[in-house]
Amino acid sequence: MFMHNKRLQYTVRVSEPNPGLANLMLEQFGGPQGELAAAMRYFTQAIGEDDPGRKDLLLDIATEELSHLEVIGNIVAMLNKGAKGRLAEAAEKQAELYSTITGAGNDSHLTQVLYGGGPPLVNSAGVPWTAAYIDTIGDPTSDLRSNIAAEARAKIIYERLINLTPDAGVRDALGFLMTREIAHQKQFEKALYAIEPNFPPGKLPGNPDFTDKYYNMSQGPGDGRGPWNEGEQWEYVDDRKDQSAVDGGDGSATVQMSKEDLAVLRNLWRRTATQNGERITGADLGAGPGAGAMTGGKTPRS
Amino acid sequence: MFMHNKRLQYTVRVSEPNPGLANLMLEQFGGPQGELAAAMRYFTQAIGEDDPGRKDLLLDIATEELSHLEVIGNIVAMLNKGAKGRLAEAAEKQAELYSTITGAGNDSHLTQVLYGGGPPLVNSAGVPWTAAYIDTIGDPTSDLRSNIAAEARAKIIYERLINLTPDAGVRDALGFLMTREIAHQKQFEKALYAIEPNFPPGKLPGNPDFTDKYYNMSQGPGDGRGPWNEGEQWEYVDDRKDQSAVDGGDGSATVQMSKEDLAVLRNLWRRTATQNGERITGADLGAGPGAGAMTGGKTPRS
Amino acid sequence: MFMHNKRLQYTVRVSEPNPGLANLMLEQFGGPQGELAAAMRYFTQAIGEDDPGRKDLLLDIATEELSHLEVIGNIVAMLNKGAKGRLAEAAEKQAELYSTITGAGNDSHLTQVLYGGGPPLVNSAGVPWTAAYIDTIGDPTSDLRSNIAAEARAKIIYERLINLTPDAGVRDALGFLMTREIAHQKQFEKALYAIEPNFPPGKLPGNPDFTDKYYNMSQGPGDGRGPWNEGEQWEYVDDRKDQSAVDGGDGSATVQMSKEDLAVLRNLWRRTATQNGERITGADLGAGPGAGAMTGGKTPRS
Amino acid sequence: MFMHNKRLQYTVRVSEPNPGLANLMLEQFGGPQGELAAAMRYFTQAIGEDDPGRKDLLLDIATEELSHLEVIGNIVAMLNKGAKGRLAEAAEKQAELYSTITGAGNDSHLTQVLYGGGPPLVNSAGVPWTAAYIDTIGDPTSDLRSNIAAEARAKIIYERLINLTPDAGVRDALGFLMTREIAHQKQFEKALYAIEPNFPPGKLPGNPDFTDKYYNMSQGPGDGRGPWNEGEQWEYVDDRKDQSAVDGGDGSATVQMSKEDLAVLRNLWRRTATQNGERITGADLGAGPGAGAMTGGKTPRS
Amino acid sequence: MFMHNKRLQYTVRVSEPNPGLANLMLEQFGGPQGELAAAMRYFTQAIGEDDPGRKDLLLDIATEELSHLEVIGNIVAMLNKGAKGRLAEAAEKQAELYSTITGAGNDSHLTQVLYGGGPPLVNSAGVPWTAAYIDTIGDPTSDLRSNIAAEARAKIIYERLINLTPDAGVRDALGFLMTREIAHQKQFEKALYAIEPNFPPGKLPGNPDFTDKYYNMSQGPGDGRGPWNEGEQWEYVDDRKDQSAVDGGDGSATVQMSKEDLAVLRNLWRRTATQNGERITGADLGAGPGAGAMTGGKTPRS
Amino acid sequence: MFMHNKRLQYTVRVSEPNPGLANLMLEQFGGPQGELAAAMRYFTQAIGEDDPGRKDLLLDIATEELSHLEVIGNIVAMLNKGAKGRLAEAAEKQAELYSTITGAGNDSHLTQVLYGGGPPLVNSAGVPWTAAYIDTIGDPTSDLRSNIAAEARAKIIYERLINLTPDAGVRDALGFLMTREIAHQKQFEKALYAIEPNFPPGKLPGNPDFTDKYYNMSQGPGDGRGPWNEGEQWEYVDDRKDQSAVDGGDGSATVQMSKEDLAVLRNLWRRTATQNGERITGADLGAGPGAGAMTGGKTPRS
């Protein structure tokens, strides 16, 4: 069960309203690397998890991320405070409001016109949050890796926001949120390595013929070697012939079909087959009288 | 520049048409953990990458994933071959086609009716592929962790598909594809650890006050300790009072506003304030004559 | 700040695994009328709200909805428990697993193959949750009406699920969740009517010329009158002539443009103008030699 | 059957082209509270409705909303008229067009580059319209409440647009559209209260143990009382202990499983269990040589 | 302005309820090739169109497609009539309703549970309609080609639905709808060819060096020639060397940067550069004690 | 199988960084008419195609479009090069970075903050690419028409981008990409007309009663005639009476139901029927004491 206390996890002190900055902050409220995505990623894992330790860990962090969602949401609300009143109360002439809302450095029209200054679950471009951002699949060695990566990404987005935020109070709160992503990443790392073995994920082993091959699919200028394809571990496959049909077959795709199915398909193939001969096309007609030569056909006119 | 050879990377031998199975395979064609997501994740990273070694690695794997997309797509096409012909040619009575397409063990109506048996970029539930699945953010220590996690997830989905596929030919090809995810994960691990340091990601250090704290946000039955919150590394914060307003403030959110803005906001607040007194509501009206007691108001009737 | 206790708000007692039923339950986990939508609708309103009473109410209910999300998620997880193990451990032959997962009465392939039995934030058709479901706009008399409607909808979906759930333990928990929607609706009604006046919403009055007109736009068999268009309140506008250009103008759309703009537009219009005369089209060509008469043109052949 | 007359429902007189303003207007063309959403909400309800009076009402209003969609679409088209020509005809140097299209006060690049100045079904941020905006569920007492709320929201968005529109002709047309939302809300209210009883929605009564309880889930500074939780109607539940496991159980989630299923699950649990002992993690490796102390493990190097 | 008559454009006579069939019909109600997509494609083009003839044509067909949307919607509603009542009134035991709703040949749970039997704007898989289906770009020679293609696609989907519909009354109405797509395609063809020239679309000519080249990008088994790449019109480019850097350059991507930008970028490159040397990775750690040889590193243990 | 060479198909020479321009270029990277949509449209068709010639053609063009995706992606990356470094390295004060990122003529905040300067698969408004853009349905005469239209649309978007791009190097590469769309359109036209007949698409003929009728659905000012509705080919249906119930029936929708179903439905209808009599509504209550006259009811107060 969730409970709530109206005291925030971190005090939010904003120096002055700035709807343009509010809009950028939405990235971590309703964006793909934001706090709702984090909270829901861990919460859905927790519910499906049967290991009591990991379940507890996931619930602890999911709950903290919800509290972070509240912190970043309050930053957005504070930055929008002035603009919200002016639009709702029609406190300025239309032309002034229009220029404030669409003016330079201020891409916040959506937040104001559509959402009235409250924090919506959209990213900084106005794209609604979607559960497609959540990559939980219900396997712990995969999900923990996903969590580690997610924390790393969230850390970077906070770092970028800190780098461009002129308001010291906002920067202070962002610094806290960024730091907690580092802490969470370390915690998930601990949980991953407490499963042994954790690689490869799952139960089925790979086919040893293909586990250590490196296919050099991109060649030409800039082709190189690195720890991922050199050394005794790796078999480096460079020749195009050895990259296709690697099972030793002919590289085709086939299916065995009944006579009846084949007969039906033959009718379909025949009905839609490419036929020989040069033909005038719609583009020929459309290119106009003088364009015949270009398209290789004669252009008729009714 | 991309080139193509009509020989597949792995020969596809399907035993018999099975549109229901085709539908499940779509998970790795147009699903979130599928091959298009993989190819596009690495391809977009490669274009933004400036380190020549990693750029090459990313292009190699992106290109191989496109070739995997082709393999899984051909599996889908082969499994749908018979159904495609029968629907296009109206080879059966309507009632027969209806029962084949909606019948038990066969959830493939979408693939057949909407896509004509070809492999669409949807998952096994028919949800169109979206770039929201791609978590590339343009920072190598984050993106490589995302890639490691993505390969782990794809490995598991292939393992699940193998576990439920009765067709030995399809299983064989799926085994190859699954194995390559293991190989790619190892390659991305090598690339991540070739950046030093790679943790924490980015350039800004965390605030040391909060890097090693563990907030026990979820308490009650099942609460526990593990390597992620015990040991000298961690400071375990259990008391609810120490979990809120951790900056030492009062946990409120504030913004400094001009007098003008405040005056406008006060008008807005007054206009929409909660007023004292008991009132009849729409639900009171709607609950009907005998329901007054339940809702605490008297139900008037005009 | 959010806190969590691992004790659920309502005890969940499931009689036996049933992945098909689990799938239907997703409607209230990640569906449009489900608990995440409810929690996020009220939470985003709470953050933007300045009236202390309503803010408190919204936080109370948002927090309870998160606890409901946890209850319904645990129902899903329990119903999937058996299937999860069998697929992860490959505990049955492939053909058996295939027929369980795609068999009659069991539409749960997505939940199992993609999500491993955990509760994903999708509806019962597998469509990912989206913030487009949330209709918060930051105006209290509108948002409270949206909340009242949302509670009514959620109540009905729970009622439908109860009507089709054979498992008595699941029905019991659904009954609790359904009842709370009724309670919340009553609470939001109280909050709406504590704002006076609350109709029309906002500050701007309507244009009295058009506030009480009823336009009978759909005519013909079944046309009728009711309390929404009869009585002294309503002016009933039936004549088509009085339904268009109701401002008394000519019903056209115009813009005043500079000479320069007009000159440029004239070039564009001329370049793409419809020209007189009968022409052979691509469809004429494509209809084949004998089809000329049908399409009104002569079919040329190069 | 629908019919059309090229005379608009309201004459549109735009003073001058203004693509930035055009973009904001899109909010009510292809946005969540816009006219397409309104028309489709009522139209889908009408088709499913069996009560002849409500069916007629819904068709009347759906048809009027389509006519409003046409009015707002024509406003967009008029405001974009000049820009459309200049881009299509390349009437200015590239640098001039670039600065017009991306310049201050003009966020309209999408509308121009992608849609050529026509009105696309996107909101003012360019997000495509989705049927996820429509909350029709096929129950009249819910759907009418949804309609009432939708009209209230649309009224507010029009009010905001009016407040920021410098063009008097556009304001005039917006005023008409806003007023009609007020009229429609009143009409839907009449239809809702003509169903008796209409509360609670649906047929199943709630569980009386939980219909009038108010759970004070959010506590701390700002906690308060109001008409929604005080008075004889409400039972106010404040103690955390009385908020969880409210059914009197232990607040756990359980399912009865067969021995076979349990045995399989035990294998899964064992395979992925958290194991005791301190371990070096990927983050330890990645933190670099001097970082060992911070992460609590020794950092090895091959 | 739109008007409506409650008489449908085509009488709908359904033989018996069949919610499974209702679900398939949704493909043309809320699916990508369905009637809403058609209506909105032509309606948005009409509003932006300045040529009076085409504007009229587009409005005529848009209005007819709305009327078709109504016909297909009524087919869905009729097919769902029985199921709607049974679920709303709880007319059967739960286990019976469960098996009806999830049973063989009946994929309609979403339509019933979420939408109560009314026709929702989703496709047959439950995916909500999105304006991303509409490809209007505001250029007549492109948009007309898009319309021609859209009518062709819609015709095929109707043909497939007719082929699988056992209900003769439904088939009759589908036959009408399918036929009208043929008529509309012919009408749009006439409109396209009335613009001269209409190819290439737009105003800018192509670069003659590349207009008639055919790049044979896919080679290997099955490589062939056809009217699209043989004949005097085409220059067939087969050699891989002639397919890349076709401008005669080196095929690289470059940008000229200031010294300051370059200096900053060098810092970034250095900080995240790949470094030489073999390193133990997270996967090495995770592969367990016996797995060292496989991954090429020694596995440490703290 | 796909292969790759790091030499681009066309050399990219960008004059100077310009993140605002980079953002506009995204339209053809991850936008609906962009190169990924093109590549995936043809690639999915190729896999489902059985005609060897068309399969080869589709693979050739799909592969070339992937190479174009790479070219446009590199343009984006080059234009973002400077901004990427400055944000990652915090090379400027926050206020400067804030004003660069949100400043006039520069709508690129999303690309920089969320994606770090790499090319994301979004359009110029930041909307993620979706497979809903792809209209492949697996029928060659429809799909080829879709391809022809898609090439026409892509040509126009490139033309618009060229018209507004001040950078000559970028314009040069865009010119190549635009030209290839012209070439591809011609190639697809050849493939379409090599199928005979190709109109109407599919196998089922239309109902001759409705193939050549033109319904004049939109009347009033601007109504006209053109090649699409005049001439001996067309039957022009102008009278509203002849436009509805065109099958000669009564234009109603009916279904035959069992007695049991009817009885259940009657209960539902009765329960939710509109009842006579004037009633006070929620809006009446909410309009306040003095508003009674306006809404036609007396406003009670408890």
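Read from first to last, the chains carry the letters A, B, C, D, E and F; within each, the first residue is number 1.
The criterion applied here is as follows: a residue touches a chain if its C-beta (ideal position, glycine included) is under 8 Å from a C-beta of that chain, and two chains touch if they have at least 3 such contacts.
Because the structure is predicted, anything quoted here is derived from the model rather than measured.
Novice: Over half of the interface residue numbers used by both subunit C and subunit F, so same, or under half, so different?
Specialist: Here the answer is same, because the shared fraction of interface numbers exceeds one half.
Novice: Does D-F or A-E have the larger number of C-beta pairs in contact?
Specialist: It is D-F, judged by the count of C-beta pairs in contact.
Novice: For subunit B and subunit E, let me know how many angstrom lie between their CA-based centres, rounded off.
Specialist: Inter-chain centre distance comes to 21 Å.
Novice: Using mean CA coordinates as chain centres, what's the gap between subunit A and subunit C in Å?
Specialist: So the centroids are 23 Å from each other.
Novice: Could you check subunit F for residues that touch two or more other chains and list them?
Specialist: 1-9, 32-33, 53-54, 56, 59-60, 62-63, 67, 74, 77, 84, 88-90, 104, 107, 114, 116, 122, 125-128, 130, 132, 137, 139, 141, 148, 156-157, 162-163, 185-186, 190-196, 199-200, 202-204, 211-212, 217-218, 220-223, 226-227, 240, 243-244, 250-252, 265, 268, 271, 274, 277-283, 285, 295
Novice: Examine which chains touch each other and state the graph shape they make (line, ring, star, complete, other).
Specialist: Shape of the chain contacts: complete, all pairs touching.
Novice: Would you tell me which residues of subunit F are touching subunit D in their complex?
Specialist: Subunit F reaches subunit D through residues 20-21, 24, 27, 31-33, 104-107, 123-127, 156-157, 160-166, 171, 217-223, 240, 243-244, 251, 265, 268-269, 271-277, 279-284, 295.
Novice: How about subunit D: which of its residues touch subunit C in the complex?
Specialist: Going by the criterion above, the answer is residues 5-17, 32-33, 52-57, 59-64, 67, 74-75, 77-79, 81-82, 84-86, 88-89, 91, 130, 132-133, 135, 137, 139, 141-142, 145-146, 148-150, 152-153, 155-157, 159, 162-163, 172, 175-176, 178-180, 182-183, 185-188, 190-191, 193-194, 199-204, 206-207, 209-218, 222-229, 240, 243-258, 261, 264-265, 267-268, 271.
Novice: Quick check on the complex: what are the subunit C residues that touch subunit A?
Specialist: Residue positions touching the partner: 1-9, 30, 36, 40, 43-45, 47-49, 56, 59-60, 62-63, 66-67, 69-70, 73-74, 76-77, 84, 88-90, 114-122, 128-132, 134, 136-139, 202-204, 278-282, 285, 297-298, 300-302.
Novice: Along subunit F, where are the residues that touch subunit C in the complex?
Specialist: The touching residues are 141, 192-193, 195-200, 211-212, 220-221, 226-227, 231-234, 244, 250-252, 274, 277-279, 282-283, 285-288, 291, 294-296.
Novice: Would you pull the subunit D residues touching subunit F in the complex into a rising list?
Specialist: Spelled out, the residues of subunit D in touch with subunit F are 1-7, 50-51, 53-54, 87-88, 90, 94-95, 97-99, 101-104, 107, 109-110, 112-114, 116, 122, 125-128, 139-141, 148, 185-186, 189-196, 203.
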